[in-house]
Amino acid sequence: MAVRIIATGGTFDKQYNPIDGTLGFEKSQVPQMLEQGRVHAPFVFEALPLLDSLDMTDTDRERVLHACQQAPEDRILIIHGTDTMQETALVLALASLEKTIVLTGAMIPYAVSGSDAFFNLGYAFGVVRLLEPDVYIAMNGRLFRWDDVRKDRARGVFETDS
Amino acid sequence: MAVRIIATGGTFDKQYNPIDGTLGFEKSQVPQMLEQGRVHAPFVFEALPLLDSLDMTDTDRERVLHACQQAPEDRILIIHGTDTMQETALVLALASLEKTIVLTGAMIPYAVSGSDAFFNLGYAFGVVRLLEPDVYIAMNGRLFRWDDVRKDRARGVFETDS
Amino acid sequence: MAVRIIATGGTFDKQYNPIDGTLGFEKSQVPQMLEQGRVHAPFVFEALPLLDSLDMTDTDRERVLHACQQAPEDRILIIHGTDTMQETALVLALASLEKTIVLTGAMIPYAVSGSDAFFNLGYAFGVVRLLEPDVYIAMNGRLFRWDDVRKDRARGVFETDS
Amino acid sequence: MAVRIIATGGTFDKQYNPIDGTLGFEKSQVPQMLEQGRVHAPFVFEALPLLDSLDMTDTDRERVLHACQQAPEDRILIIHGTDTMQETALVLALASLEKTIVLTGAMIPYAVSGSDAFFNLGYAFGVVRLLEPDVYIAMNGRLFRWDDVRKDRARGVFETDS
């Protein structure tokens, strides 16, 4: 069965705007990344409004939850900003959806050289088909359950909370 | 416990030689890729002689098997050329090592723009920690058991054999 | 005789900081770019403090002028932010140095995919050896004299002022 | 007046074929490179059959000469393989076209990471508008006249012949 891939923005999907010199959002690059990955497994792509996760409100998280609830697929991969990834994971976990949901992101945008985004996307796409129903965060080669993870912002590293 | 990552060459790791204009092997790029992936999970890297998998002999496959047998780790990721990936998987499977071994590779070298290598590495690094002991091939978002896979060379796609 | 290449920052040389998510300055990438360009012509590289050109003060421009005056070379290439490139060009022109000075920059940082920086560097390195003594701006395949150029910021394009 | 840019292939324009694992030619990447360079100066692009310059015959060189003769522009930039660049330059020089013709190429294909192609294209695009009518080779930051250049193939470097 297909994996649903939901883009919500985050560092992962930021692009450079040559006119104002800022990093922001245009069209999600996730579909072209899946094409570059030559992905032959079934997936469905859905783009929600692309946001910096520091700008995400409760309403934005409700929208992500709603998308997960409405999805016919029971395996869901969410591209998300790293700064509030665990808050969104908490909202999804509390809804007890009986689906396997994996959130991933990047420390360096896909559009910037040296990015970890493509690796993280591959990692998350791999584990989402194998994990039991629950909510997980997958970042930089590590896998966390929603209730045992925190981001050390000073070092830019996800860790177990325990 | 750490994952052992064994480089054996293949398209994945080919680099361009500006003097003779060919694609060949220098030092494996896998360690720098894991650094780019900002991998914080434990791993051990081992480089065997880097070969085009069409040039791999029985002796070369025995060397890969030996490395898997000698490894203290029971989760092993092998970077391998795609053309004879299933032959090596067969050799490893017949040895019944009681280890989880995942072979991956790439259709386009990491050093070439538009490569799938970094995605495949992430994917394989994710699934190797979750799968039961056996020998698998992970390519372009799909996972195969060693006894149910073949490469359609005309299309450049791995498929189930069944 | 060698060309002096002076880095002063600008969009050209911005890099991504994964901890705070901003584009800023580290060590100039110009030397590695000249290596990637396999440049066999003689040059001398000098890094001044790397700045966003909107942050450049009169003192900063005096420093650039001083570096040009002190340089034993009479052909100088300056990497500069695009927003105030013509102000610095004016300061250099009014000093009547009897040197060929070419300012270049980029609309997209070298570290971001799709950057024009490497092309502009090649262009500027080519023309600086051929032009009469004066001060020029070289951007995106066009060459301007210091007194006949302006940046259309809304479109991100340099144009003749006339 | 516009510069005519003629693609003839060479290392510069080689792309990776994932099916057979070789470097060869598809559609020329030069137009997308000029777009990436955000080139606002006028140019006309023309693609001749894309060839490895070691495969170029006298007929192929006649075709390049013919294209230069037929071009209404008197400034012409030719993308060419490095191995026989000086042979083509000789054919063009002997025709005494009274045009400024600059040949350039690359040691590493544009499609391979670490390529010098984009730098060389910028360099050549810069000098072609400034040079007197004659035939030149521009490679890796150096400029040569057609009758004073040779490629040191062992080192991958163009040098003056004198």
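By letter and in written order, the chains are A, B, C and D; residue numbering begins at 1 in each of them.
Everything below uses one rule, namely that a contact is a pair of C-beta atoms (placed from the backbone, for glycine too) under 8 Å apart; a residue touches a chain by one contact, two chains touch by 3 or more.
Quantities reported herein were computed from a predicted structural model and do not represent experimental measurements.
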{"item": "If a chain touches chain B and chain D alike, it appears here", "value": "none"}
{"item": "Interchain contact steps from chain A to chain D (minimum; 1 if touching)", "value": "2"}
{"item": "Reference chain C; chain at largest CA-centroid distance", "value": "B"}
{"item": "Distance from the mean Cα position of chain C to that of chain A, given in whole angstrom", "value": "38"}
{"item": "Chain centre separation in whole Å, for chain C relative to chain B (CA means)", "value": "44"}
{"item": "Chain centre separation in whole Å, for chain B relative to chain A (CA means)", "value": "26"}
{"item": "Shared interface positions of chain D, touching two or more other chains", "value": "107, 114, 156"}
{"item": "Pairs of chains, among all present, that meet the touch criterion", "value": "A-B, A-C, B-D, C-D"}
{"item": "Contact set on chain A toward chain B in their complex", "value": "33-34, 36-41, 43, 107, 114-116, 118-127, 129-131, 138, 140-143, 156-158"}
{"item": "Chain B residues touching chain D - in the complex, by the definition given at the top", "value": "11, 16, 18-19, 21, 23, 107-109, 111-114, 153-156"}
